[in-house]
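Per-chain numbering from 1; labels A, B, C, D, E, F and G assigned in written order.
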Amino acid sequence: MVNGIERPLDLLNESKGKEILIELKDNKQLVGTLLAFDIHINIVVDNTKEIVNNEMKRSLGLSFVRGNTILWISPASSKK
Amino acid sequence: MVNGIERPLDLLNESKGKEILIELKDNKQLVGTLLAFDIHINIVVDNTKEIVNNEMKRSLGLSFVRGNTILWISPASSKK
Amino acid sequence: MVNGIERPLDLLNESKGKEILIELKDNKQLVGTLLAFDIHINIVVDNTKEIVNNEMKRSLGLSFVRGNTILWISPASSKK
Amino acid sequence: MVNGIERPLDLLNESKGKEILIELKDNKQLVGTLLAFDIHINIVVDNTKEIVNNEMKRSLGLSFVRGNTILWISPASSKK
Amino acid sequence: MVNGIERPLDLLNESKGKEILIELKDNKQLVGTLLAFDIHINIVVDNTKEIVNNEMKRSLGLSFVRGNTILWISPASSKK
Amino acid sequence: MVNGIERPLDLLNESKGKEILIELKDNKQLVGTLLAFDIHINIVVDNTKEIVNNEMKRSLGLSFVRGNTILWISPASSKK
Amino acid sequence: MVNGIERPLDLLNESKGKEILIELKDNKQLVGTLLAFDIHINIVVDNTKEIVNNEMKRSLGLSFVRGNTILWISPASSKK
């Protein structure tokens, strides 16, 4: 999977349809399936779960996450 | 519903006229019916209710919410 | 009133001359009559009152409020 | 005075040479005579006094205030 | 001195070679001689002294200060 | 290695495929292998480990880190 | 040295190859040799040392520091 990544957005492209972990400002996290993103790193996630202090706080379904809220995005399948 | 989402703004387009949950900075939340949005993610919501710590604090009616205040937006109907 | 709102700024246009509630960062609020706004959501309000913790702190008369200070704006007449 | 205000910057234009109250981030305030401003809302104030917690902390004379520090500006003469 | 100020940057132009007080975010202050500035309000100051809680913390010599760190700049000679 | 660095991005170019330390806002750190970056300093890192207070908190695999979250980036091999 | 400074970036140009002190947000400091900078004030420093509360916390070697993290930069040789 690593081989195809030449630009940062390539990782997001490869992660479409897969589960991702999204680290947000203020120690908030979302987990869900990446459906779409744009160049501002606005993203749409399905089956979103909000995680606070490692515990699931809420199940949100679909969500639109604004790019400049995001610290990092990590595809769950790449976890080792 | 998921099928039609190719770009992040598609989710907002599909959510017009529907109830959305808006997570803001500083642990504030608004719930209301999405009427309009623009590319800055400025949005107008009707029947707005302000939620603080999971309790309804105020009923605001119509409100104009500035985009860069918003962490995420989730349509209530997608909650599972 | 809702019918005429296709873009977020339509709500501000309809609110000219009417009382609005302005929620600012840092838990500050202003209440006053909307006189003018621009695309940066800079606004001018008359009969401005500063509200802190639900109590009126000061009466300010006219005020120029910078757009990126604002979380949301809600016309008082729409409150239900 | 209100009649002439069609755009937010009109209020600043009308306030030149008059005393204004400037609310800044971090609960700081400046009071002084508005001499000049630009489209970034950078302003120059004369006879500037720094107010912290409603008490005058320092007398600063002339000062250049950067626009994106400013929450709101209110001409003292409009106070009611 | 006031007479020549039509635009905010005029005050900085007139302050070249003079001692200025620079109020920064996070309650930090610098005092020094203004040598240069640009439209981003990046400035270079000589004989810089860092002031914290009204006491001189360090002597820095020359320093380059980034514009968006700055709350306000006041020429010492204008203090009354 | 130092010789080839004329512009800041040259250091990131030379660090591709190497382990880097990423200092983020809010006292967070990531360690991992730099795969890609763009002019916004968005980066993709492999074998990412999240470090909090000098202890490894989580192993993340691949991650996309948004540029404006980053304070500094240091290639591990340059540590002396 | 002061004579050659007409624009703020001139100070950074003159400081190449010299030791600089970098004051960052959140009371962090870096000390090191300036190798390169760009118009965003992104900089590359060699022999970087991280200073927290006036004590050396870590030796980092080369580092890329993002411009909008920086409060000020002061060449060590100018300290008086």
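Methods note: a residue touches a chain if its C-beta (ideal position, glycine included) is under 8 Å from a C-beta of that chain, and two chains touch if they have at least 3 such contacts.
In this text the structure is predicted, and so the values were computed from the model without any measurement.
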Other chains in touch with both chain C and chain E: D
Approximate Å spacing (C-alpha centroids) for the pair chain B, chain C: 19
Whole-Å gap separating chain A and chain E, where each centre is the average of the chain's CA atoms: 43
Sites on chain B at which at least two other chains make contact: 25, 68
Chain order around the ring, beginning at chain B and proceeding next to chain C: B, C, D, E, G, F, A
Of all residues in chain D, those that touch chain E in their complex: 24-26, 28, 30, 35-38, 42-44, 46-48, 59-66, 68-69
Residues of chain A defined as touching chain F within the complex: 1-2, 5-12, 21, 25, 27, 41, 67-68, 70-75, 77-80
